[in-house]
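Pasting the structures in now, so scroll down.
Both complexes below contain chain A, partnered by chain B and then by chain C.
For the complex of A and B:
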């Protein structure tokens, strides 16, 4: 038995958007404690980790753990015209092997879409230690990455004792953005030594856009020439985490 | 699936291909970012993809595998690989190896972008890129070919196919007649994967196999040879059967065209028949040239119809006689002069890059003049050689082509 109700269908669509930046098919782990998803893009460069606990839903019924795999493109297409204040109910029709979505608000809409074969491989949590951890405004991080994308397809993260800098440089110009330790929009600042790494803007752009759509705060964690972790809290009880591998120089 | 179960896990387990494996290893060792990709080519089922998989396994590389015939638009290739050719792997392996399978599966016109995306990946990748293809000389691949080191995978010899089949039978506890294994190997002509698939089909749920079991396979995609196809084209009364006759021939329509053109005069005797047949061939040739010049492969359907059905319908009555069909003179000439032509082209390319023009322009516009001068002035040839950095041998080769 599986049935959940989300009070804000739009927020759910934004979350699906965030996941669809990396994968076309999503395998959700539904458990009595909540809904989880971990997916890696086919080229093994980026990963998304999504947790939405029971309490984050308006109603949550799940009697046994199972896996639900759906095509995100199709699901998003159906949710395209979701209005504000509409509620979304998701349940399963095991017999027809379908996922059923019911939207209520302006009027009632019912959608069914086929369940796909879930992937069986379990992805491990990347075991990473981070030398830099900076918590800041999600919008600010998004804007910074977008500024860099104007001039370059890669961005250098440099964290020192008193600031985190994002630098993009190419023949077309240079963009340098500093988040000072004492800036009011920087909420946490924890850096050991000098930490530097280079990341591709393509993935980052999608991640920070989707992240800032869903959350106000982001914690950026990375180590020299190691993957970066972008952690977005989804109030009240959820989390969206991205990992991105560094560029080789 | 036995093809999966008995897939080689290490390079040494890959049947045959010693030379190719060695070349591949050397290429990988010497590879630096910006270096050439490796293009593994050869008939299907002889271990190209397996070798790459085993290589990645052995070297501890994360293998990014994509099949160009599944993902072939620019956007899809970009989405899958474009954003990740410079990044490390999250799985924390020592590095990555990028495999683009079946690049000849790119469709010409619709996939111009696909070729572009692959070129970009080869140029920009921070990791070695390997491509595979059945036919590396495909026209569509010429830009890609320039950025690749070509490594040939040969057909697997029959005795080695048999050996592998025997090994599988032993492991599976299946008793198979050696004659049957030999027949399977023969039928698959150097295609080890095909042979293993056939063996598995036959052995389904049985432990004892006899030569008669081969019939169980039926006529799966049995290849007809070109002579058979020619006979059908020339003798058939129905246009359809003439057209279908070439679909199972392992040869591209452009080549079959020459076979038909070469042999039509041996078969048809009535002048009116022959005239009509040549008319059809001329029209087919028109389409052939449009395909090549405009890269518009959609035209191929018309070319094929004209050269098969068109030629077939040219006769009033089928000729009741046996005709010996021969290999086209033109193809024989091409294969005979392949090495020489390649050398000539190299020389022409060198001149072309000095003169900032195409090799064709060098060939048709500049060379006749230069060679005329060389004939008139004594030391002109020497000057020419030093100006273009050519050897004496190359000069001779070039002038011999203009006699």
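For the complex of A and C:
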């Protein structure tokens, strides 16, 4: 038995958008405690970790743990015309092997889409220790990355005692962005020593765009030449986390 | 007076493109004199026009609006850096070809072939391609059969067809028209079609003073066309009469049925597929890319369901002094195509630094038109085809070095057929990236370090770490 109700269907669509930046098919782990998803992009460079706990839903019924795999493209297509204030009910039709979505708002809409074969591989939580942790305004991080992407296809993260810098450089120019420790858009600043790493801007762009659509705050965590973790909190009880592997020249 | 003005305008453009001060004066004088004397008879073009004197009536020499190095070079100084003067090659082949001596009436067996121009869109020039002789002419317009031919032979093929011209609105396939219906019947035919065309004047051709122009046969406005259609290709016919099926589905079904890309493309350009209210003519040049793009997009979607290859592979292939090399990696689908032009021109005489141009797409594909143009899609098609046959996916990097012996561009079929042939050859296989890159470098004349500046895939392979490792 699985049935959940979300009070804001649009927010759910934005979350699916955020997951679809990395994968085309999503395998959700549904457990009595909530809904979870962990997926890696096909080139194994980026990963998304999504948690939405029981209390985040308006109604949540799940008697046994199971896996639900759906094509995100199809699901997003069906949810394209979702209006504000509409509620979404998701349930399973095991007999027809379908996922049923019921939208209630101005009028009632029911969609059914086929379930796909869930992927069996379990991805472990990356074991990472971070030397830099900076909590920022998500919109400001997004703007910074987009500005860097104008000149370069990679961005250098440098964190020191007093600021976090994002630097992009190529033949077309150089962009340098500083988030000072005492800047109002910086909420927490915790850096040990000088930390430097380089990341491809392609994935980063998609991540910060989707992240800032879903959350106001982001915590950026990284270590020298190690993956970066972008952690977006989804109030009331959820979390969207991205990991991205570094480039080493 | 108006004519004079236009000529002066052209001469000004030539004037602007010339670099040095001293040359400017001489140029201005010369071009000024040219515009009064008429280009055809001028002293300035004697080096070319005396060779073509037997064709003086049918072949016009044109100066491109952006100026021309050829005016200064006169086939003597080799300013374009090519191994031979492309214009002299064209002139020589024109003299050999029967089509430049054709009269107002041409009859022969059409391959079948048609041409849709792109200038003046949405009112374009449309017409049949007819050689002035009979027989099995099917290979005259079938690039799939041209691999391995010499440059002379290929130019000869292009110079064997006379093109009729008739101005038509691109939406005519929705209503039909006499000429269009005849052309449709020609393209439906399985075998060459006997055709007889009458023109309002003798067909004329031209030579553009540029080392980068494709060879084109002569053309003339069409007065009447008579054809004897052959048995229609049943597959093509089925989709031609299906007014409700989308063009996308028709193209893909025909491709799966094994019809050569060039035949699908010809039918596509005549607006023979799709829902009736959307049918339209597509200029030949655009339709080639449209078909390559559609078919490859669909194939790429399929290969993403297959597992990656097991090793690194290096391929190489030479054709018409083009050097192709490919690196296939055991990764998820991604594709990059880079061309290196060895210009060797006045501005880059030593030819040590080639010009690079390339485009990349990741796993999710692309939404913008590639900078390199249509050959990107031709290469993608050839790659996707090979991977599909093997039921595998891979990361694919294809490099093309264009050397001086490639006198003139012959069309994107060169890329499609070369890459197809390359991927059919036996690859060198490696278990490590390092060895594969070494082998790849050995195939090329430009060092890997230089390619690295342009190539996203190479940089990714070398620098991008993974989460799983």
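The criterion applied here is as follows: the second predicted complex is superposed on the first by the 249 of 249 C-alpha atoms of A that agree within 3 Å, B and C clash if a C-alpha of one lies under 4 Å from a C-alpha of the other, contacts with A are read in each partner's own complex, and residues count from 1 in each chain.
In this section, a contact is a pair of C-beta atoms (placed from the backbone, for glycine too) under 8 Å apart; a residue touches a chain by one contact, two chains touch by 3 or more.
Keep in mind that this is a model prediction, so the values were computed, not measured.
Annotation: superposed three-chain arrangement on chain A; chain B versus chain C shows a clash. Using the contact criterion defined above for the overlaid structures, shared-chain residue A:227 touches chain B and also reaches chain C.
Contacts of A:126 after superposition: both chain B and chain C are touched. Within the superposed three-chain model, A:45 lies in touch with chain B and with chain C [touch as defined at top].
In the superposition on chain A, contact is made by A:245 with both chain B and chain C. By the document's definition of touching, both partners, chain B and chain C, reach A:200. Of the candidate stretches 22-30, 166-174 or 454-462 in chain C, only 454-462 runs into chain B once the two complexes are overlaid on chain A.
When both complexes are aligned on chain A by C-alpha atoms, chain A residues 40-47, 126, 200, 202, 227, 243-248 touch chain B in the first and chain C in the second. Those residues of chain A whose C-beta lies close enough to touch chain C in the complex are 40-47, 126, 153, 198, 200, 202, 227, 243-249.
Residues of chain C that touch chain A in their complex: 304, 331-334, 362-363, 456, 460, 463-469. Of all the residues in chain B, the ones that touch chain A in their complex are 62, 64, 66, 80-84, 86-92, 96, 126-127. On the chain A side of its complex with chain B, the touching residues are 40-47, 126, 154, 199-200, 202-203, 227, 243-248.
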